[in-house]
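In the part that follows, the structures are each spelled out as structure tokens.
Both complexes below contain subunit A, partnered by subunit B and then by subunit C.
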Partner chain A sequence: MTLFLEQLQGIAQYYPVILKGVGVTLALSVIGIVAGTIVGFVLGIARASSNTLLSFVVGAYTDIFRGTPVLVQVFVVFFILPEAGVELDSFTAGALALSNIAACFISEIVASGIRAVPVGQAEAAASAGLTRLQQLRLVVLPQATRMIVPSLVGQFVLLVKDSSVVSAIGLLDLTRSGWIIVQSVPNGMLVFSVVGIGYFLICYPLLHLSRRMEKT
Partner chain B sequence: MLLNLNFRVIGETLPEFWVGFVSTLSISLTAFAGAIAIGIIACAMSIQPSRLVRAPAVAYVDVIRATPLLAQLYFLYFGLPSFGVLMPETVIGIIALSINSGAYVSEIIRSGIMSIPRGQVEASASSGMNYWQQMRLIILPQALRPMVSPLIGQAIVLVKDSSLLSLISVLELTRAGQTLANDRFMPVEGLATTAVGYLIIYFGLKLMAAAWMRINHPSARH
Partner chain C sequence: MIKFNELNKWYGAHHVLQNINLEVAKGEVVVVCGPSGSGKSTLIRCVNGLEKFQSGTLIVDGLSVADEANLRQLRMELGFVFQQFNLYPHKTALENVTLAPIHVRKLPRKEAINRGREILEKVGLGDKFDAYPQQLSGGQQQRVAIARSLCMQPKVMLFDEPTSALDPEMINEVLDVMVSLAKDGMTMIVVTHEMGFARKVADRVVFIDKGVIVEVAEPEAFFTAPKNERTREFLGKILQH
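After this line comes the complex of A and B, so read on.
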């Protein structure tokens, strides 16, 4: 018991590292959610468009990123882009990789939402004299968005969790802070329980929200 | 950049990638079997009327779904040895993957069972069937069908997640790519080959899901 308390105290001494880690995890998640949603909507609209070539190209692009692990993508951005002359620090590399993968998953969600809106809606809007952009903006997207919000929130949870992978390129996020602490406090279960509680506090409210919206 | 890939080096190291590819496949398959077993148990517990039985299963699913796999993996990897439990990294990885995916599988099974209209359960109960007969004859035969596509989706997630095992030095596809990147200073060749390996598995599983949809839901689009 005293050992347990000592170890807990040992972890507590590292609170600046943990706080920094929480900050980085939150920053990455927010960037990924905002950028991923914006780009994801653009890609999703292109994916659901009647232009077969555009839809195919976007589908192929998103498939490449949906079919490979986040870890590999983070490595690609961090180790391969410099070879092409683009030097990125680990935070930018992580944010870029996360935003991109979020955009790819969100685009598929958006596209399926658009496809789920009955064709009659767009036709009715067209015969009411709306241009294609107006049809999309005023009739199709609002209905599609309402349908996909629960899946979007679910995707945000996945993104927060995926952000833990950036610890592999040495970025001090919440997971990395646990990895640092465990080197001097040799109780992995305790250390990573603390890390887990951090993620739980971020993710659980989102999960709960997504589940409640799915029910209504 | 991608135009001047050194294909000679890729060719030379292909045997190592093959080992990694097979390792990723076998780790994923084993972990998926484990996830199904855990998922069935967790789901069976979570649909019981007794709160005492339900609570642990619900807590398990929530905790797993709200924390990252990497943290769960490190929890076991750094945590088990301090309890004197020493296991090869691969086994720890498979356990972590099974426990992680098990939570999602449990949710998939549960929503499959929930998709059966309540009236069917009541009708089978009033025709004198007991709990197991209801499950075996009425609920499961109908519930299995809608589970297949999401389960294939979960298998895709699991294969990609298994790449995290490279971080606890398990030799699999990602590790094979890193090795090529580090030993020969060829990150492009190493990671590109790794990515292709995952894409082969991804498209394979995607084709399976599409074939399933075509056979069972011929009227649906796609």
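After this line comes the complex of A and C, so read on.
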């Protein structure tokens, strides 16, 4: 027991590293969720549109990213894009890759929500003289959004956890802070338990929120 | 007010509307009936552009429906009532009614709300302003739907089987609203099997079968002395009880 406490103390003295890691993970998560949701809605609306070409192009784009590992995508953005002349620091590269993959998954969720709204809704709105955009904004999207909130929040949670891949390009996020500490602390199990708890504390409010919204 | 001229529509190879010629004058009430699959819903959905047609012309209030650029302008003047009501489930009765006046007619919110309340009261729903559609019975929902169209102050009201999805005891409350509209001089096209309604307020009854207008007559003549064999057969089927 005293050994355990000692080890815990050993980890505790590295708290600046852990805090830095939590900060980076939080920042990446917030950027990914906000940008991913905005871009995801735009792509999702395009995906559900009656324009088959537009829908196909968006579908193909999102399939490419949904069908390949996030780690590979992060590598491509960080290591391959510079060869094409796009030089990004590791944080920007990570944020970009994470926002993009989130947008891809969210677009399919949004598109399925839009398709689930009965055709009669848009017909009623059109019959009253609403423009396409008004039909979408005032009638279809509010109903679609209500249906997809649980899936959306589930996607947010996945994003927070997936953000750990950025440790592979040297970003000091929560996962990487664990790697650093474990090099000077003997109990790796304990270190990564702390890391895991950190992720859980970030995700739990989201899970809780989702459960509450599902009830209403 | 509304003029079909040699209108044709196909779904693939299926010829759903064939050489439709029909004119509806201002203030006139026309009831359209026919067996299911006869094209009567398609016909009324053409009037506000929910269905496209391939040939012929359809002029409403001086504007061609085939011209996409006219559609919004036209639809502001055409109320449309659906069989399935299609109320916006995320909005209250009053919000359903005021949405288009606010966003399409650009009426000040206050004025729209006053007008909406007035019209909801007129259809007997003065105590349901803040109710959501799922809290209302079918008959009440359909009356909200009618009020929603009326709030745009349309020149024409189109009804696509407005009572077909209702339980029998709720049909009359909806028909009563429609009868009073007709008496107020509203121009109406009503697709329905409610022959009592047709007899009471229709100026003319149109019988359509397999995409063809078979017979057009005043209600008295239509019900007592139908000229066409198919009309007689149809009336025999729906009036025998």
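We adopt the following convention: the second predicted complex is superposed on the first by the 213 of 216 C-alpha atoms of A that agree within 3 Å, B and C clash if a C-alpha of one lies under 4 Å from a C-alpha of the other, contacts with A are read in each partner's own complex, and residues count from 1 in each chain.
In this text, a residue touches a chain if its C-beta (ideal position, glycine included) is under 8 Å from a C-beta of that chain, and two chains touch if they have at least 3 such contacts.
Given the structure is predicted, the values throughout are model-derived calculations rather than measurements.
Peer 1: Looking at the overlay, what does A:120 touch: subunit B (first), subunit C (second), both, or neither?
Peer 2: After superposing on A, A:120 lies in contact with subunit C but is clear of subunit B.
Peer 1: Just checking: does A:68 make contact with subunit B only, subunit C only, both, or neither of them? Give me first, second, both or neither.
Peer 2: first
Peer 1: Could you tell me if A:41 is touching subunit B, subunit C, both of them or neither one (first, second, both, neither)?
Peer 2: Neither: A:41 stays clear of subunit B and subunit C.
Peer 1: Is A:14 touching the first partner subunit B, the second partner subunit C, both, or neither of them?
Peer 2: In the superposition, A:14 touches no partner, neither subunit B nor subunit C.
Peer 1: Identify the partner contact of A:134: answer first if only subunit B is touched, second if only subunit C is, both if each is, neither if none is.
Peer 2: So A:134 only meets subunit C here.
Peer 1: Quick check for you: in the superposed arrangement, does A:156 touch first (subunit B), second (subunit C), both or neither?
Peer 2: Touch partners of A:156: none, neither subunit B nor subunit C.
Peer 1: Of all the subunit A residues, which ones make contact with subunit B and with subunit C?
Peer 2: After superposing on chain A, no subunit A residue contacts both subunit B and subunit C.
Peer 1: Name, in rising order, each residue of subunit C that touches subunit A in their complex.
Peer 2: My answer: residues 48, 50, 72-73, 75-76, 78-80, 82, 84, 86-90, 99-100, 103-104, 145, 148-149, 152.
Peer 1: Which residues of subunit B touch subunit A in the complex?
Peer 2: 1, 62-63, 65-72, 74-83, 156, 160-164, 166-167, 174, 177-178, 181, 187-188, 191, 194-195, 198-199, 202-203, 206, 221
Peer 1: In their complex, what parts of subunit A are in touch with subunit B?
Peer 2: 63-64, 66-72, 75-76, 79-80, 83-84, 115, 157, 160-165, 167-168, 174-175, 178-179, 182, 186-193, 195-196, 199-200, 203-204, 207
Peer 1: Touching subunit C in the complex: which residues of subunit A?
Peer 2: Going through subunit A, the ones touching subunit C are 118, 120-121, 123-131, 134, 138-139, 142-143, 146.
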